[in-house]
Amino acid sequence: MKKFRRNKLAVAALSVLALMAVVALFAPFFAPYDPGDIGKTALEAPSMLHFFGTDDFGRDVFSRAVYGARISLSVGLVAVSISVLVGFVLGIISGYFGGLTESLIMRFVDIMLSFPSIFLILAVQAILTPNIYNVMVIIGLTSWMGVARLVRAEVLSVKERPYIEAAHVIGASGPRIMFRHILPNVIAPVIVAGTLGMAGAILTESALSFLGLGVQPPLSSWGNMLQDSQAYLRDAPWMALIPGLLILLTVLCIYLVGEGLREEIGR
Amino acid sequence: MYKHVLKRLVSIIPLLIGVSIISFFVMHLAPGDPTALFVDPSVSPHELARIRSNWGLDHPVHVQYFFWLKNVLRGDLGTAYIINRPVTELIAERIPATLLLMATSLFFILLVSIPLGVLSAYKKGRGLDNIISVLSFLGMSIPSFWLALMLMLLFSVKLGFLPSSGMSDPLLADTSLPGKLADIVRHMVLPVLTMVIIGFAGLTRYIRSGTIEVLGQNYIKAARAKGLSERTVLFKHALRNSLLPVITILGMTIPDLFAGAFIIETIFAWPGMGRLGIGAVFSRNYPLIMGIVFISSLLIILGNLAADVLYSVADPRIRTEGKD
Amino acid sequence: MEKILEFQKIEKSFSGHKVLSGVSIGVLDGEIFGLVGESGSGKTTLARIALGLVRPDSGRILYKGAEISVLGQKDLRRALTDMQMIFQDPLAALNPKMTVESAVKEPLIVRNIEKESIMPRLISLLEDVGLSGRFLTRYPSELSGGEAQRVCIARSLAADPKLLILDEPVSSLDFGLQNEILELLMALKERKDLTYMLITHDLMMAEQRCSRIGVMKSGEIIETGSTADIFKRPEQEYTKQLINDAI
Amino acid sequence: MKKTILIVISVFLSACLGCSGSIKTGKNIGTLTFTLGGEVSIINPVLSSDTASSAVEGVIFSGLTKINEDLEIVPDIAKSWTVSADGKTYTFYLRDDVYWHDGEKLTAYDAKFTFDLILDPKVNSVRRGDYIIDGIPIRFEARGPKVLRAMLPKPFAPFLGRVGMGILPKHLLEGKDINTAQFNRAPVGSGPFIFKEWISADRVVVERNPRYFAGAPKIEKIVFKIIPDENARFIALETGQTDVCDIPAKDYKRAKLLKRTNVFEYDSLMYVYLGLNQKREIFSDKKVRQALAYATDKQQLIQLIFNGLASPAYGPMSPVGWTYNDNVEKYDHNVQKAEKLLDEAGWFMGKDGLREKKGKKLEFTILVNQGNKEREKAAVILQWQYKKIGVKANIRVMEWSSLLRILNAKSTEKDFDAVIIGWSLGIDPDSYSIWHSTQYPLGLNFIGYSNRDVDWLLEKGRTTLNRRARKKIYGDIQQIIAEEQPYIFLWYPHSIVAVSDRIGGLSKPGPAGLFVDIEKVYVKENY
């Protein structure tokens, strides 16, 4: 019964996310205005004409939020895919091969974890110049360490399971054991970690945008909408409220789904 | 034990070298250079080239690195550009503010998350647990700078009873020591509050799951069977053991605290190291950046080491064996 | 009859702790050899050494008369595909992410059997162990213990084994099922002309099923002989003790 | 270029520093609190280049000359000066009553020491170039304690504006490494205020100098409070934590509503433009540049970015400068003319709504520096405006130092199409380094503008000392450049400064700021 209730929450969160994804995917269909149209009255409060009001350019905040969902969600998704991919490969390699390879990779992980990562992100962002793709890559490349550690630990534990021994007995080759037996059994916890990582990536994107290094205008992401709103906190609180709440809601839903998944897998 | 600590201490060295190499080269790969700050219509490029060479920037990067490393081994982090002061001095000036902010926040984070985590575990699945869980998920989901701005808006602007920025009020410079301290405390409320709201959530979740696990273990059942009160079971037996992994988690939280403090410092104009560092990145003040990265990494690594040592000192097996 | 598998003076220790000391026994072609002893006496380690999963510290292992303990890891596996093992916990021995179909098919694929003949062989293997085709798409989590053990047996048979090492093959199953699986194994032995090495702590079972028995204690074989001899005239105190306990 | 500094100082004083004092307690009545938008890097006029530091230096140090509220060069430490007939020798006669804050007397030796310091290649001063003409340094000579002579290699009109540099005390700095001297952290000057304390990243405090030669200041103390965040700065003003605050245009109305606060709005010496890389094929065609000028709706820009609080720009000089020429081609917003010009230039509208010529789309990228909201906004609005005439403008926001690296690249073809940036002018109209064809690729003429008439006029302008003749020369330059539109001139920003009304004695609002004569500023009694 308890479990059911919890899962219901996760299911609800998942539906919210799905809805957002649909809106993002079909943004032109949902957005009433061109998100770049600066012709309207600036800083107009929410009304029937502009559900979320207009921003300092007179652009429709609702339309921008809809298009922003595209950017924010895809930044989160791609960034996390990169970090999971890198972490996964390095984790598998070090877990499976062990020895020198493992210690080299794990020392590298230690080094990466010893950084105040914000400096690394700032510096790399400065090298690459800010744009949406680089934001994805940078967030991805500075957040893979947790996954690598997790995967390595999982590989080490899966390696000890009887079915791996059984696979050896029937004569399965090394690569076969790696790809058919170890990999599929490591993926589940990685999915959970990836889900939670996506929440982190969305937050990081918004923080980067806050520092002016995130997604650049005229593209809108929730992060840079928040940044634009800084100056108008008091004149147009809706400009800050809407993207702030959207980030909060999205991240919250992702956490809830992640938690649901964790319980599902943990049984 | 001491051997273990010594071994870990030695292992810090390659870590630090790795950190410094990566940050040094990443920073120098970034386009732009510190002299760019000087540009206005009246400064000629020849002057900039002259200053670059005064700063040693015309050497190849690896030569610059070894030069830097040599000085570090002598305990000298170099002289910051433009400001022209020793990096160690600049950091020493700023680090107390950052540490004060971090330590206070950490204290309150622990103060909040330990009871919440334990209660949540104890009432697992019931109303209170759900409330605490939702609260902590909310805490994890709020963008920190957004929260900071909202708090500033509420407490400084609307209600007007807390200062919005800085660490002390210059107009109170002549007051007595207690007055000054009270002033600093007032300035700390908002930044600390922000950091606690952002930071308590993760820890609460960890403590919750740790306690749930401990509560399911045999010696707790035994303690209950012995007829000890729930409170004793919960806080004496369960808590003690569920907190041990928290030590490790705390070690791992330090980088997050740093990152958090850096953004918070920028918003609340807190005169700490993070603000200094972010400014240094933008102005490509290499010696200063290197110094700050180096010192922060050192603190992070030492924090982890301390957590590690503490953990092995308080090894749960030793305790439970003694107990049951 | 000749020895299909022979251990000569096998020594093995794990982190300073001696697990096997000077074990020498042989399994004869076509027999059911029982290896009995309490848990922790080194039976399973011996089995794993036979299968090449663990290297002995010293001693020789002969399989079909050839010394296999000198082979490298790869050659070893190739030489040993017709020696298979049935594990104590069938559910743990099956990859939770693999359907019954892929699990049973795997040895066939490893042996490079032609594609066309895989499916028919799969079906016949399942029939051999008393399962129908509808199990093909199931995952281990959807199987009962008995079903899982049948799948494991089918999987071993897919490797076309000569010798099967049965490591407590039924101890994790319900009592009712135990006999069923044992009967199945006995029937398969006859039909496929197999040799079994049965590892068990259950002397009753050993008495019923085995032709010869080796008794193990603390990493040593303390007594070997035909089942009848051992049960009628145990030489060692320890063996007597075991027999008494079992009855 | 001393002027630039001075201007920056005064703009900053007026703009960015806020003064505040606790209104409630009444205890700190003699204190004026400014807000600084950035960290103070180093308090030494020879070494610093940031506005925050300059603001503090402005009240601690004095120069030979200074700028008054009408932007004229007037005596400061030097009570008078003469120029030789050939325009190559300047003689400054110093006041006799100027003392360092430590009590020593200020002499011409200090002045010579300061200028020699700037000229020393080992000193990390970016001002060195200001005192070098055609590769030859200006020679300074003290003739006794009260006379300083400067010998120029040739007549150079902007020189006088560059001697306002704050003078450093020789007796404290001689023989020391000025780059790292402890002095930079605890300076000793000769200005109206004495350095008291500097708490890094928090504040700088200075106290009144009772022996100040132009009369002791009326305020006891000035606190420079460092608040980097714009919102936090405004809150500080509202809550009475500061007296003076630079106000962004969007907060103008709100600031106006504040009780006991006066809001001043005035022109600055700056203009912001869209610089077009002349070496790019599309922009080498004047018709394209003119079309863009017509397509630019400056009113909309100013409305959306500044709420109307800025003036449209048409040429390369500020309207407050004495050489300003209003009689230039203005290219008022006119989409039809823009489209006609593009058609004439051979760029015809394609099916996708973009103009093209020989299969090439009319497309370019605007660079803008990150962190500057106004310029970022301008880029977004221009993008929208140009889209309407079938021109695709992409936007690339970059960090300031990365942007400068592109503009300062040594290669002959710089890697950018267009850039939004601004020039902060000195009071001298000389803009040789911006427009002269020799200032490319090395120099500030990074768009590669080249016009022989302009080159000639610029050369003539800096060697002509006659004011009326200069006015004519720079007037002509403005006409040529405005007609050619190598830049699309966008706007002249206004400075908006809020000052608590308990502060009196302010100077006339203008580019020099409100605190030109800081010693005359007072805090009203009985407030």
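By letter and in written order, the chains are A, B, C and D; residue numbering begins at 1 in each of them.
One rule holds in what follows: a residue touches a chain if its C-beta (ideal position, glycine included) is under 8 Å from a C-beta of that chain, and two chains touch if they have at least 3 such contacts.
What you are looking at is a predicted structure, and each value in this text was computed from that prediction instead of being measured.
Colleague: Taking each chain's centre as the mean of its CA atoms, which one is farthest from the centre of chain B?
Modeller: That would be chain C.
Colleague: Using mean CA coordinates as chain centres, what's the chain B-chain D distance in Å?
Modeller: Centres of chain B and chain D (C-alpha means) sit 39 Å apart.
Colleague: List the centre-to-centre spacing of chain A and chain C in whole Å, with centres computed as mean CA coordinates.
Modeller: 48
Colleague: Could you grab the centroid distance between chain C and chain D? Build each centroid from C-alpha atoms only and quote it in angstrom.
Modeller: So the centre of chain C lies 88 Å away from the centre of chain D.
Colleague: Report the inter-chain centroid distance for chain B and chain C in whole angstrom, where each centroid is the mean of the CA atoms.
Modeller: 56
Colleague: Two or more other chains touching the same residue: where does that happen in chain B?
Modeller: 30-32, 149, 157, 266, 282
Colleague: Chain D: which residues touch two or more other chains?
Modeller: 231, 371, 399, 401-402
Colleague: Note the residues in chain A that touch 2 or more other chains, in rising order.
Modeller: Within chain A, the residues that touch at least two other chains are 126, 230, 233-234.
Colleague: Pairs of chains that touch, anyone?
Modeller: Applying the touch rule to all chain pairs gives A-B, A-C, A-D, B-D.
Colleague: Of all residues in chain D, which touch chain A in the complex?
Modeller: Per the stated touch rule, the residues are 230-231, 248, 250, 254, 300, 304, 370-371, 373, 376-377, 379-381, 383-384, 395-399, 401-402.
Colleague: Using the touch rule from the top, collect the residues of chain A that touch chain B in their complex.
Modeller: For chain A paired with chain B, touching residues are 2, 107-108, 110-111, 113-120, 122-124, 126-127, 199, 203, 206-207, 210-211, 226, 230, 233-234, 240, 244, 247-249, 251-252, 255-256, 259.
Colleague: Could you pull out which chain D residues touch chain B in their complex?
Modeller: Residues in contact with chain B: 1, 4, 21-22, 25, 28, 31, 33, 39, 41-42, 47-50, 121-122, 124-130, 179-180, 184-185, 197, 199-203, 205, 223, 225-229, 231-232, 235-236, 238-239, 241, 371, 399-406, 408, 423-426, 431, 433-434, 442-444.
Colleague: Taking the complex as given, what residues does chain B use to touch chain A?
Modeller: Residues of chain B touching chain A: 14-16, 18-19, 22-23, 26-27, 29-32, 125, 137-138, 140-146, 149-150, 153, 157, 252, 255, 258-259, 262-263, 266, 274, 277-278, 281-282, 289, 292-293, 296-297, 300-301.
Colleague: List the residues on chain A that touch chain D in their complex, please.
Modeller: 36-38, 42, 56-58, 126, 129-131, 212-213, 216-218, 230-235
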